[in-house]
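Chain lettering (A, B, C and D) follows the sequence in which the chains are written, and residue indices restart at 1 in each chain.
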Amino acid sequence: MTNVAIFGAAGYGGIELIRLLLNHPEVTVTYLGGHSNVGEELTDLYPHLLGDLQVEVGPSSVPEALADATVLFSALPHVVGASLVAEALETGAKVIDFSADFRLRDPAVYARYYAEHPAPQLLAEAVYGLPELHRAEIRNACLLAVPGCYPTGAILALAPAVKAGLVEPRGLIVDSKSGVSGAGRTKLTLGTHFAEINDSVNAYGVASHRHQPEMEQELSFEEPAQVTFTPHLIPMTRGILTTAYARLSPGVNREQVEAAYQEFYAGEPFVRVLPWGKQPATKHVSGANRCHIGLVIDELARLLIATSAIDNLIKGLSGAALQCFNLMQGLPETLALDRPAMWP
Amino acid sequence: MTNVAIFGAAGYGGIELIRLLLNHPEVTVTYLGGHSNVGEELTDLYPHLLGDLQVEVGPSSVPEALADATVLFSALPHVVGASLVAEALETGAKVIDFSADFRLRDPAVYARYYAEHPAPQLLAEAVYGLPELHRAEIRNACLLAVPGCYPTGAILALAPAVKAGLVEPRGLIVDSKSGVSGAGRTKLTLGTHFAEINDSVNAYGVASHRHQPEMEQELSFEEPAQVTFTPHLIPMTRGILTTAYARLSPGVNREQVEAAYQEFYAGEPFVRVLPWGKQPATKHVSGANRCHIGLVIDELARLLIATSAIDNLIKGLSGAALQCFNLMQGLPETLALDRPAMWP
Amino acid sequence: MTNVAIFGAAGYGGIELIRLLLNHPEVTVTYLGGHSNVGEELTDLYPHLLGDLQVEVGPSSVPEALADATVLFSALPHVVGASLVAEALETGAKVIDFSADFRLRDPAVYARYYAEHPAPQLLAEAVYGLPELHRAEIRNACLLAVPGCYPTGAILALAPAVKAGLVEPRGLIVDSKSGVSGAGRTKLTLGTHFAEINDSVNAYGVASHRHQPEMEQELSFEEPAQVTFTPHLIPMTRGILTTAYARLSPGVNREQVEAAYQEFYAGEPFVRVLPWGKQPATKHVSGANRCHIGLVIDELARLLIATSAIDNLIKGLSGAALQCFNLMQGLPETLALDRPAMWP
Amino acid sequence: MTNVAIFGAAGYGGIELIRLLLNHPEVTVTYLGGHSNVGEELTDLYPHLLGDLQVEVGPSSVPEALADATVLFSALPHVVGASLVAEALETGAKVIDFSADFRLRDPAVYARYYAEHPAPQLLAEAVYGLPELHRAEIRNACLLAVPGCYPTGAILALAPAVKAGLVEPRGLIVDSKSGVSGAGRTKLTLGTHFAEINDSVNAYGVASHRHQPEMEQELSFEEPAQVTFTPHLIPMTRGILTTAYARLSPGVNREQVEAAYQEFYAGEPFVRVLPWGKQPATKHVSGANRCHIGLVIDELARLLIATSAIDNLIKGLSGAALQCFNLMQGLPETLALDRPAMWP
């Protein structure tokens, strides 16, 4: 049994993690730290937890949090949580960080998209928490960076083809469609006001979104990848559908592509490659720590069109964190995660 | 470990039951019987189950179904499944029936709302599967009738007050708002076409809906209850919010009402009475086998306004079925059901 | 041609009025006054008006507004706009006020639900802007109070029966289901956050909502009416469906009820009584200045169940304001308003 | 005043046309012909038209339809309506056809995507009804083909750049997100069932959709265009957002792109090019015969990312038809069409 603490417990990432952990046979949540909700009862903020968890949100204090716990999940905003992460690591605790702070290996890239890096000394030991690419390092990680939601969908859609050299690593186009929960709970804006986003869709952050360098970093195998990324907000609560376009290398055919994806994901507990031509839907993975992938080739354009569907709050956030936790603790990777989507 | 068979496996009730059973440590699903989908792969119908269950839908044949199983869940439409239920019971199997066939004790009432009763000889042994009212009988049941979704919400909202004599059992008004999944998956109509129901709401079956006599039957304690029932279809997938109005008996005050609800639901694992004045939302119970109840008194009108929220496919259908199954099998009542809602 | 000014132009009421007025052949909008958006381009706030109206939001200043205009639409919040209304009236302008300030005739009732009345001296001349009840007074009004959205739906559903003495004026129950736009644009709350209200429904303000006394005032014909009001928020943008329950007076039958509604609404340009038993849907009136009404009798309970559907921002707000404006200006009542709903 | 007849009046295209024509000062609708709804009252099918139009749906018979009318709008499915179109043209009537039958100039291409062409002899005289490209021909057209909804969005987004040679006409990628009304009303499928598409998104017809050759035809100016097209279904009723990717020709910069779009759409009544970097949303044009266009350059990838938003049933269908009708009749092009979106 492992005792864990959660910072940023009252955001969507924190609360989804709590839901998953309530069903985890090897975890006890011993501390919830908040940001703006210190002193409030968790069930006042989240009545759906009535009867599950009678606990007050405490301050995001490392000594208090780690009094009983040995693993800290930090779901605080980027920059804000970095010094706490450093403090926690110094005590010997393991840290699983939901923010962008430890995803990018190059602090210069981080600085371009976020801010001066708050703890560059930790970058060397941070591990990017995508088990499908970094399972071995994750098992040994003390500081784990949970991948961004969009990058998770994009990387899982493209990595097998890029890694196998079946497509050009430059000129990749990632067109993603996300539900509104990706915007979080804390900052209320007109853009997440029901009356304004319901029955509407728009692109945002076109060719300038912070998740683009993360995709490029993880898709750079032999050669550096270059990605054009267009996120869209669509009127649904959860889910990201990613439609990725990649130029096929000369001579590459469907059989090679299909084989590469089957091989890459052979044995992966949470990724399913659909039969050729079938398309994933976000509802097929809503509520599940899964990724479904669809493959099509446009022969005339010599393009691979790979689509992926994830639940942005599970495989794209809290489920991924828990999957990594299981690996870091030497537990079965699928513990508390092996459930299908809720349908409909 | 119990082997179970499911008829009507490809409807929303069946598929939700399968999802819940996948997580049940004491159950193996050994047979899936269908209606219109015989011979199809379940995962062709429901890609969200890819990797969970590789099985073909068979015919709804009792001998085939009970070759390995000792409990039959029948989610076939009313009348259609009744003879199969009878056939299954004769073999000594237990049957949990999702249809309306065995909910109403009086076949004349059934005939008025549905059809000539297809198996009246079984009515005497059928148990109405609402554990909050009939737990003892459920434990001993061989034929269990899963309550209707609307009645579940209405009865849980009103039963404590009616039973305690705090409100008049006549003149009850039940105004319910249901998500679209309640209409099922089989019959596609304009009324469930996204473009027509999205951003709209309407009442239907006003004062003539089949679930009304079920509410009256179960709310008749000392005296016969009389209910006016108005269901509404609203643009959401899951959930029923019920707003129930009942005339307070002379002299009754808030303290008495609150005490009656607290007492009635003391120890109930799946019903939460909210602090006075707080209102439930269907999202608070979406994905959970739970019912949240809110209470308000309009003193001037001398009305109790009791609201309840359930997930129509879980506490209102498949979760209720599983809760009863657990009781019938002598298992812990909350097995595979003790999870909070998914938020958001 | 009439020049009009609008205060609170950047709220949903203001912007919907602007849309309607753009199509009005006898109106020129000469001034837009704001609250928190002074100095901003209207099309920066509302890109859907690109090319229609290139204008900056000015301060809510009466002299500036009435420099060119003779009618002021004030869509400012209650209390906030009252002194400006008084100032405008003194100049001889006509004022159409969207707030609650001049709806209730009794300042004591206003004080109970809102605040000390900011301009009680104006109450005597204010006219309640529901043409179906007060057309003659509206024609002569200088100060018009636009009815609340919920009261419009409730009063239109019940007035014919109550006025004709076919139902008891006490013990009325109004159960309303509203889209989220009713909450306005200015105050962003978790309750209007897409991720929290999508796929959910809840009651609020049960038996304590401010619109209740407005319903009672307007439904008091021979005798004082008494209403229990339960509003609900449902996941759609526009529309209110009202389900109203009233106890039939002894001996009253369907024919009498039907005749009363047909007579009451004979010649009304914007109210349609549906064939007996048919139910209105909010989508049938979405985008239209219309009200559809459905009627059912529950004979056993001796209840009339009258349902009404309106678009809360048109017949429930800006369309009603324009309908009254047309009457006050001696124009055809349906000018710029005679359009059906957009379907689907 | 022109008398017009409509075939396929009971589909979404027909009913939206009727709504627009009700407000057209120079048109009288004299005949409604149906497909599966002959003999039904239009208001039984569409209660939102109660009081507007009391008319029975007749057969799709050309002699009956053209007894009083001189223009026929045919909204029948492709192939089905072609012989009626031919018959109507022979009488000297003008025909505006909503189907795909007369959009593609090459019957071999038509045959590849649809069927053997039912009336190839008419292709020479058919005009593609996109006024922004073909206004002069439209003025003189007798047979007008209303463009497909996806092509309208894609062509308007890309044509200025392609025509000016600023981007490569090959390797164009069109990633579109459509509301569900695009699937029509007649064929009910699981894919349009509220419970299945709500809160979900998926691609379909990837690299094989029928609208792709239409885009290629209209984007072939100097050189043949080649388009990879990926449509997606998203949970909203109306609207298409198109995200188009095109490779910039060497040396092309932002100023040239901006100038090309401004020039191309100068004077266009229904297209607005947004300020550089601003993104359109479908809600900004919902209910309007408009197209909003946003432009971004990804300098590193040397890609132009052009986004467009339309209402698929108006600028993408019935509004376009009416715009062409106005041109064909020598009426002001904006008659009955010059209204902004409904907000919110």
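Keep in mind that, in the parts below, a residue touches a chain if its C-beta (ideal position, glycine included) is under 8 Å from a C-beta of that chain, and two chains touch if they have at least 3 such contacts.
From a predicted model like this one, the values you see are computed outputs, not experimental measurements.
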* Structure fact -> Relative to chain D, the most remote chain by C-alpha centroid is chain B
* C-D versus B-D: which has more C-beta pairs touching? -> C-D
* To do: Indicate the whole-number Å distance between the mean C-alpha point of chain C and the mean C-alpha point of chain D.
  => 36
* Structure fact -> Rounded to the nearest Å, the gap separating the Cα centres of chain B and chain C is 39
* Quick one: chain B and chain D, Cα centre-to-centre, how many Å? -> 46
* Residues of chain A engaged with two or more neighbouring chains -> 12, 179, 181, 185, 195-196, 198-199, 235-238, 280-281, 283-284, 344
* To do: Enumerate the contact residues on chain C facing chain A in the complex.
  => 12, 179-181, 183, 185, 188-190, 192-199, 235-237
* Structure fact -> The residues of chain C that touch chain B in their complex are 171, 173, 175, 177, 179, 195-196, 198-204, 206-207, 226, 228, 230, 232, 234-239, 241, 243, 245, 279-284, 286, 294, 296-298, 300-301, 303, 305, 307, 309, 344
* Report the residues of chain A in contact with chain B in the complex, numbered from low to high. => 12, 15-16, 19, 22-23, 46-52, 181, 185, 198-199, 237-238, 272, 274, 278, 280-281, 283-285, 287-288, 292, 339-344
